[in-house]
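Have a look at the structure below before the remarks.
The chains carry the letters A, B, C and D, assigned in the order they are written, with residues numbered from 1 in each.
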């Protein structure tokens, strides 16, 4: 059975089969072997989708938040039950290795648990008024329908970050998944339906999937009935969404490109650094927004580290991600491989020396050899995010310089330092340290926990999802003052007596 | 002495005189008597302004926040010392009555005190990691130069909301004040200079004023070195700023138009309601973003309330805002009076009946009679914000209907209900109540305290300033994870062993 | 089968039977029919119990909090599975009606969900240092073994409030349940063992039950290895615990007596008030710490309300709490009935007039008729908490007076007002309103949600459990400052140069 | 002029002279030269003091918190104006060097600024109810009169930590200062009176000083009208206060003894360590609760460090703390010197070897030579806090062992590590690291900033003062639920239909 057919079979087992297929819709393909599973009908009319979401909102915002949390708890239970199937679909459709597929579903489960806890929190404030006989409070209210535009590389987890929070916050969700991974989206909806069935009395239209391409995303982003658009993808896409949404004074939550670096200091534990580099530069075949792309090594340890990395890279098992032991699966499509090769060529032109990797494997699906390239400087190609496993290595002699190099790119998602020096680690985490949304010490840039806020600065778009108070993006804040006295004093002592 | 010349004299006394005047710059005018004080040189070159701000940022972000707070504390002290002068300038340049001018400076002082307290808080989080031997924290870091675009009607307070927080957060400020009120801006800078002199070692360029028109604002808003643009003004202006800033993936904080309503229920204290209406509909000559524009009265009390309001309106002292007892000063300029008259005419066409007011006074400066208009429905003119004292009165019979009427306009800034019913008050404050950023009970829509977050939803732009955690807009959030173990576990239990 | 034997059977089904019985231990009795199920062996030696808890602490504090949360999540799952059995045991041993027994287990489940959410929060702070090159943070660390002393009337929920938070916070729990309800405690432990088995690698001794009387509680409370003692029960007991623990500078969390009032204002919805009174004065046969004991009614509605209450009381189905429709089950024991009768007699001596109720039913078990007594003033008997269903009714004419009456008792747990007036409701919730830890509007005093902090002031002991930041009681706070500069500045600018 | 007479003169200049002196009261003495300034009348009758505080409370709790903050702001202003005088009194009465006296008053000023900020915060929560048509909030209410018992070594700052927060929180303060430092207390009150005069309409009795000894403190601690007793001093005193207050179910906030250690690791910056040791072991002549008492040095650097410390100690300028350059002033009294000598003798018996110091200087006042003693183990004398400058030096070979040594004493106030290793630093700050309330990296144990919570665990008493959410100790928490629906649902789905 081809990978695509296996995906189709799983989808049917999850109860999302049949009428979704069509003769002229979106082609469903597996990067594992290039097989196709047929075409999916695209959502023809977006108007009823948005209308249903608005109607659902009017009912759902009246449901007490702890009760909304119960739906998310049930969803978490159903995800646990469907974990293997859903993870397998992630592998089949996005090409991730088994452990990563399972990890992605685990992340959905984790965020369910977190959101359930939030459902009795969503804390606003009470605060003292300057006026006698008044009290003030700040309350967070449901916002309205949320549009989630997700990318192929985290086909389900990023939606779950958004959807679980949105649902607990009182907001219905419209999901426009990547054209490259619609099946995982439909499978997730099927799992969600199971939770809905157990829950009982939720309104129709709490969660909807729109199958379609860029046009569908753009049309939805322009709809004034959708107060929040949460979009993950390229900086180019994000910029377009941001402008569209700004033009109607809506709210955007953007998770765009990264160009993530690791600084390796002389005191670093090199053994740990090697392992961290391997996972973060090569995991998901270099197709994470948090993938490691730049390795900034102190000159005293650069040769040793590169040598160890070269050996590690050359022993990496590349192949079908379903197979035991494989660590590097396919790129998502041929365009990705072309970008990989083009960047390697540009790197060479710009003075780079390929240490290892490059080139495609001769088999079905798009398999390439992850590359390490030593660069003389952060040239144009280094400043640019190529969504493939190329690791640029550069050296530094002074820690201030290393931090400057880290910050010199347009993107600002993730960053890390390997060091055992308190001074270096804390400088890296200081106001004049890393300018990224994520900064790690002795951990690679990739693989965040759901308890922290996830997202980045600059061209990464500024959005934050998942933990901390990221939920506030899904609500509107209301400052409330109640006068229970018989007087009408004005703030700041203003007097105005008619 | 003309009002404009009085303003010029005060400015000189504050130490901001001399070389700022020019033969062909921005004309400085007082709405009180239409007098002019000369022309101000416009800022010729914006490039060095931004460059200075960036340089100041690099120094200022390293200054400990409590020390930054000390500068703001000194500024508060200097504002207390200059309160009368600065308030007088507000009166002279914006036309506010004396008590409102003083209230506006008091608001600057209040926000200084608040910001000083924040300077030892700016709380991020520590949180537990799911990985053994790891700890996580979230730290808020300085963001960079902040552009503040302010409007004529709060010529200094809104800047202070932004600037005091920005300075404590580690960000230099560039201020583009309204073309109609440049002198208060220059005077505020002179007061700020006094604080700087006492402080001692602050970098150059922490606070800069740009004298200029819309072009200057647009050029600055487009500059990628300015991560945050905080703009107050019309929805039209805000939409343009939002798109410009979104196009470079910057951050906007928008405070745009309001169309604020008061719901009056049968149990309302009518005496209090009358006083609240008078202040909020007529104060600042109806030129607050939070001015009351729509009065939604239960049919059983509408006639009584309107009768009392008519009497109150007809006794309002209109005139030179410097004079004791005057409650209604001038409109800002002739265009405002034209808009006032045009809206009254449109209201009449749309079925409105003028209860009182309308028409200009025959004297220097632009003085009009605040108007009350009973409307049969929320017609086009009611949905639109006219920046002048027109109060549209409408009736309702059912509380749900009243809330729907309140929410039916495009803007979402401020709202209020007068009632003594717990059920009505709390419904108004619930998830299915007012959709505004501010919701008051037994208080008019106008006159917020600085401790709460200020701002609104929908066409109001979504920004929040001043209290609560509004300071977070002036910082960037960093999620930090430190591994102090000898292992390298991955989140979500992912395994990847090279 | 007697009620006690039914309890024994259920316990065995849950896997906690056999060797726990003994010929000379604690007698296990059901208040439903006075039947006994045998005697339970008392915990002979407390030393190994504490030692095991300390050892467990050293291991458990190193387990990441989100992983600790997973144990609590599994416990919640097991509680869902065992809900009916456990609820039945609550009925059999404490005499609650079926719905209340189920509600109590539901409360355990709710707090599990809440604690799971907390396991990724337990938020401390990051904050700015006044010294350059320093950062500050506040971290909450595990505290150590927690002793939970629980009362018969919430035989399992209160333990769960404590235990679920303690476990997530990193603390093992030692449970000394009431001598009157040991079986529910043992059953709960059996359910917890199931969760432990699924969890896998938790240390021994995370949760232990001590079967015994007051001596066991006192000995444990004096043990310096137990940093926190959380005790629920009478004010007399609490005072003793507080002194013992204070003598070793430990921490107490006390939930002691209440003497809870409802104020009924003229605008109150009397239909709702009647229902609220009935549930909160009569539910659990008046044996909740939050039971309504004082009804403070405006003189204009007192007669009408009392008449409706009299009718409601006289229709109350009293009897075996296992039976459908029964609302009033037995008192816990004969001593409780004696206290009930003695208080009624004292009330009569002090001018009270019994409106309805009083007297025992002639059947096995201790069943009495809930009483309503009109009192001329808050006499001695009214100031005192009798743990039985006596409702004292008093009248007032002025709202200030009503609030004073509410606050005039030594206890400070729960309170409420029925009114539709914003002014009255908000005054009641103001700094000069109710002095209790819980204050409700249009809700009886009884039946809190787990999301809020639960507990009271004055003789109620000051502790807070369950929601909000009650978890902080189970942790220790550490203020951490890291100097990553090369200088050693002192705070407050102190200079000390050797 | 003797030191005591200089103090008397300053006190008069501050306006607190005259009638306070008496022939048979508390003797006022300066440790600088042993001179006496006369006797102070002790507070004869405590009853009216408490009654006044209660009355003040009833008025003050109704004053809006931001307005209460204005009083504290004015107090900060007056402290700035009186800084030199008040600091000089600290020097004269407590014997601190000039810089430390100034630092102590600066700390008062800092906490004023912080408290002013809090006056618009005092944040409670709004949170979602599980019941439809309900809202929940948590509000922090004023608590009542607060008793502050302060110690001689921080004669004014610790009171200010308490009083500024208490006043902003709505609580009057009764101050029982140390018998050894009454003049600074009276001077502080005089400064506070200036603020009150400017403020205008505060109630009488907001802040009162009780002159007296231990009896006065005990009597006040037992008074049930004082809900909070905040006491700083010895563990013995604290234990007594804790039991007294617990017996009436009041609240204690205890800051008791410390036995603070510094761990020095091989990677430590020894130059910084030497300076940190000198300040923290010798500053305030070793009479801070955070003074360094135990130096735990890695065996590889112990000899080098001790040698440098020996040299530093032997060059310490000892003498009149008013003199420029002096770093070591007098002990507070002869009893302190005796304890110093007795501990040195016991240390010798227990195997200690005096490296330097010991012995008294031959001059008026009690001047001793700070001592360093190498100990073979943490013997009995090491486990005990001697309030004098004795530094015990011990060595370790393994970092886990160092942490265990740090934690092995009964006290738990402050702790620190000098290291540049991330692993060591973070382990020290972890759940299995330092067990103290304060844990520093590359900073001595002494000299906290006011933004963090100050206090410690175990025999240190568990209280927290100053920053973070320490203000909550001065308020009572109220969980508020408002039902604005027409239904009366019960939590946890309980059903109870009469």
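As a working rule, a residue touches a chain if its C-beta (ideal position, glycine included) is under 8 Å from a C-beta of that chain, and two chains touch if they have at least 3 such contacts.
Nothing here was measured: the structure is a model prediction, and the numbers come from that model.
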| item | value |
| --- | --- |
| Least step count from chain A to chain C, where 1 means the two chains touch | 1 |
| Of all other chains, the one whose Cα centre sits farthest from chain D | A |
| Interchain centroid distance [CA atoms averaged], chain C/chain D, Å | 35 |
| CA centroid of chain A to CA centroid of chain D, Å | 48 |
| Centre-to-centre distance between chain D and chain B (centres being mean Cα positions), rounded to whole Å | 43 |
| For chain B, residues contacting two or more additional chains | 62, 66, 110, 120-121, 125, 127-131, 134-135, 138-139, 422-423, 425, 429-430, 441-442, 449-451, 467, 482, 484, 486 |
| Of all residues in chain D, those that touch chain C in their complex | 58, 61-62, 97, 99-100, 102-104, 106-107, 110, 125, 127-131, 134, 136, 138-139, 141-142, 170, 227, 235, 238-239, 242-243, 245-247, 249, 251-252, 254, 256, 269, 272, 274-276, 278-279, 283, 312, 315-316, 327, 425, 429-432, 434-443, 447-454, 457-459, 461-462, 464, 467-468, 476-484, 486, 488, 490-498 |
| Residue ranges of chain C touching chain A (in the complex, touch as defined) | 66, 69, 73, 110, 113-114, 116-118, 120-121, 133, 135, 422-423, 425-427, 429-430, 449-451, 467, 482, 484-486 |
| Chain B residues touching chain C - in the complex, by the definition given at the top | 62-67, 119-132, 134-135, 137-140, 419-423, 425, 441-442 |
